[in-house]
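Take a look at the following structure, please.
For reference, chains read A, B, C and D in written order, and residue numbers begin at 1 within each chain.
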């Protein structure tokens, strides 16, 4: 144990020692919860960005510059995020990462827009890696905002695509949190199902208050008695875990298609009960076929950060895309990098990804996976992990959604 | 009897100047001097938050310290006032009705109105009782309003909240409110107004009566006042000033989200006021400044900042119930007393003891946090390599803690011996 | 029909769980006047202790040892913390427990990590007790009911049939008199606080594995416990029992009602499309207890079965 | 037709099965100084609490200047011109003596709840406060915190607060309890001047004080008024003797008989 940690430290110091060779430092700020109840969510992503940056630096950095990612704890509070944003900008950061909470992302988009308008020459770019409200790349779209995660409608498109292929699913139950996001998920599901499989009956459309329910058993019993063949939910955090625990406990045995089934602890809390019950949609899972380099990365991550699992593949995508854009632009300044990023395509471990120019929404293939006991990499330090389901690969075009964005670009 | 004899009972005008006018002159001088030092943007950002929290904490102390009402839902009035101000900001932008002519600079007045209105409506049933009943009602109301915030999107904007743009409408004092140093004057102005207003309130008959009701509600009844009415009126004002702070926050952040109404900020304002010292007018000001700083800066140094916050709070509750202000004024009193030498000796021994215990605590917490994370990170203060396997860590921890406890013990034994 | 049956079953099991939690708080509150904000934190400690103990021994040992450990922690907190603050009045005591809740959460995070631990239902009870209308009722929930009833009987026996219980009962109704009778009041306080915390710990042992055992569990459960105690009435264990069941049933049955405000108040012209009209009863279920709290405090401040006002 | 300052009719109060006050009838003239005496536990304080609004009568009526006040909230009764003191000093300990009195004065001036005035700027309030402090001999202690006052001065302050509101019916509950002889003499003097021209109802154990002050005396035993007459007649009343002789520990009996 001690030996391993020292070895990592030695590696870390050697990276530090090399830093003298860089021309300059590109400062990037990671603004997300790093303490409090949502702390683990932020930390799982933060560690991914740290590792990605280390790899880039070890390969000579970006245009000869070293990348430095600094964490700023926003306590998942929009106002505190703005304070942290000011601190980050003061510290010289010109690139901001954030993902936890659409309210925070909305506040940051607004704040970055205003900052850039009020402080020309000191522009800041916001890389959104997980806030999935569709509006951010539609009516609220901004030149200064790039999203690397598929937004809610895209994920829903993947889910409904998969359902459409399954003739045994005749009825669907929708359950979600009673606020903008949950409502948006429910209406997207309704619309898309009507279009792709008009014969499917929506037997329930339940909204429960956000983060208030302690026992989901009554909801599960409603689902069971409705006779639904599948359940779709956008729940996250405790609402997601408690829902799934209650489902397993009460013998619900239909697929639960989730956005956030991959959140930490969900699989282990269900145990074997999660097999064939919990499904998720993501841009990649560790048990997809990939090259050895990717496997090495997954293993390195697990070794470095034993509390977490390799989950934020898009963090590595975002960094890779940034480096490529900076190289094409021949600069690390925000505006040229942002312009180079528009329409840029990268090849990552699980396929291609393109940053659509019209709305700065990353287009990528999506995967539906479920909990399985026959996997290469488990999660939560147990044997169970995520395995691709049959017909679970949704290609880029199928997931693609139209945009209403009318972007204003600086000249 | 002549007027002069009557006046003799009141403090002299020199005293009045020293105790009442001078502090405000000093405050104004500080506020004017700050921008001259060329502070950074971060400084401004945190100073603005402090300004808002100072007003918010003082408004909370109107009911806790001066009114004796413990509330777990004060953020409701901050939030509702702030929401109204953000909406007003939107109306200014759209130039709806007469709003087009309303300067953004005066939005805190709208916040005040919103907070006071919410206080008037919610306070009506809840201030009929004091004590624990009031505390419980405030908790229930806060939960209800917070839940409602997610149901009524048109006013609360759901999870994303409502945002606005402060660079609209009529400009006041040549401030566009765009750049952060423009906003500084806005915050400084309203913080000054808020402090002055709430201080003046303590000098009104109602303000004094509020303290009388806190101390002895029964007696107040028998000299002809209705304690419920006193509590209700004070509650409305506290709501109003909380709303004023909300209005300041609305202009500063240009966004309001339902989080602002939740139990978290309500608990935080309680901690700010109590840590600062609820028995003193300046207490909440000190508490707001310290805790805002801790919230924004301490979290950069340690992820266990909430643990330190909890510790600080418990230590204050257990050992210094009069808060930071009590410590400061206690020191000043002791310093002026006849037995200055003995007092200073005991005071500084306690201070040194507390400091040593703090070092012990920090070592324990920081080493534990890193060990618990398991990333192999090591706590390295002043170039020391304090891992959890290093004996030096535990020697330092033990020495600091034991020495700290011993020093505090002796200091207090001396004190008791002297008394 | 099936929603009703399940609503009743779940309501009772959830309600009894709430009673386990709130009986301890009722004891503490009515005897000591301390509104223990950290009560749910002791519930969390119960779950975590049980997790550790069932890891090194078994669930059945944890079931007995963990509440005792939590009780000891509670007694220590009373002896070295609360007692010192007591002189400064009830508000100071309340604030002390408020800070304690922060502290326990942070310490738990350091010791057990920030994410949920894998605290599982024992295999022996991990099966479906019976099936109704296609849904299974888990055996563990029946077990909760059994344990809660057992605790109820034990508590009743302690209070009505033992000398210590008689003193506690006397102290519940006449807190100032007990000292005059020559009893060691500080010791009684310490015991009551310890027992109250142990009951919360027991609830944690029982609930930690059907819900999630993570550092946020205290914050999630905290407010609802207050609701139970206040709604039930101060100093009334019977009241806490009734309130627990009422709230358990209320929350579970309301979920089954799909009607929206527009359906109910349609006759006064409330539209399905308006924001108020869209709200459905089932979506309100989790906030109903707080509505109940506010209404009770305004219209019947002594609670459902309490004798004195707060 | 002249109305009584205070008129009690068939007043009853019971707590559960215990009857504390039974059919009390009492009429007090304007300007009268009326004393209520009786053994401990006779219900004297309960009677005060019923009159001043702390308790609601079980049945019966209480009329102040002819207006029914039974069951009214204390502050409303106070507005109608009745003010009381307490047996245990009941003052605002965190305020100075001057502020204590000022609280009472403000109400009389109709400024109780005002929040738009500076409390120190009203001349009338200041002079009235000064007047009351002077009358109660507290001027030199005006700036002291009330908690630091010696006991006798706290009792004086209690009376000062009671009369500050300008009520014309004053109820004093054992104003000299626990005082030394010289302090008692001073207190009697104070009560005399402070309540000049007002209706006074006083509960006392010190018979010296009562015979000094009272125009009439009511004797309350087990919740009933067994006698109500001038001091001279009470002294000779057989029923009163009997009631008091049954309670030999009553210290003032000998002095009285």
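Keep in mind that, in the parts below, a residue touches a chain if its C-beta (ideal position, glycine included) is under 8 Å from a C-beta of that chain, and two chains touch if they have at least 3 such contacts.
All figures in this text were calculated on a predicted structure; none of them were measured in a lab.
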item: Path length in the contact graph (subunit A to subunit B, fewest steps); value: 1
item: CA centroid of subunit A to CA centroid of subunit D, Å; value: 75
item: Distance between the centres, which are taken as Cα means, of subunit C and subunit A, whole angstrom; value: 36
item: Inter-chain centre distance, subunit C versus subunit D - centres from mean C-alpha coordinates, in Å; value: 49
item: Where subunit B and subunit C are represented by their mean Cα positions, the distance between them in whole Å; value: 32
item: Junction residues of subunit A, two or more chains touched; value: 39, 178, 209, 212, 307
item: Per-residue multi-chain contacts in subunit B, two or more chains; value: 147, 151, 153, 304, 306
item: Interface hub residues of subunit D, defined as touching at least two other chains; value: none
item: Every chain pair meeting the contact rule; value: A-B, A-C, B-C, B-D
item: Residue ranges of subunit B touching subunit A (in the complex, touch as defined); value: 40-42, 44-46, 49, 147, 150-151, 153, 158-161, 163, 165, 178-180, 249, 253-255, 257, 259-260, 264, 295-296, 299-300, 303-306, 373-376, 378, 389
item: Parts of subunit B lying in touch with subunit D, wherever the complex brings them together; value: 1, 3, 5-7, 9-10, 200-201, 203-209, 211-212, 215-216, 218-227, 229-230, 233, 237
item: Contacting residues of subunit A [partner subunit B, same complex]; value: 2, 4-6, 8-9, 34-36, 39, 47, 72-73, 75, 77-80, 82-84, 86-87, 89-91, 101-103, 106-107, 110-111, 114, 118-119, 133, 178-181, 209-210, 212, 304-307
item: Touch list for subunit C against partner subunit A, complex; value: 2-3, 6-7, 10, 14, 113-116, 118, 120-121, 128, 131, 133-138, 140, 210-212, 214-216, 219-221, 224, 251-252, 255-256, 280, 282-287
item: Contact set on subunit A toward subunit C in their complex; value: 37, 39-40, 43, 178, 206-209, 211-215, 217-222, 224-225, 227, 238, 241-242, 245, 249-252, 264-265, 268-269, 271, 307, 380, 382
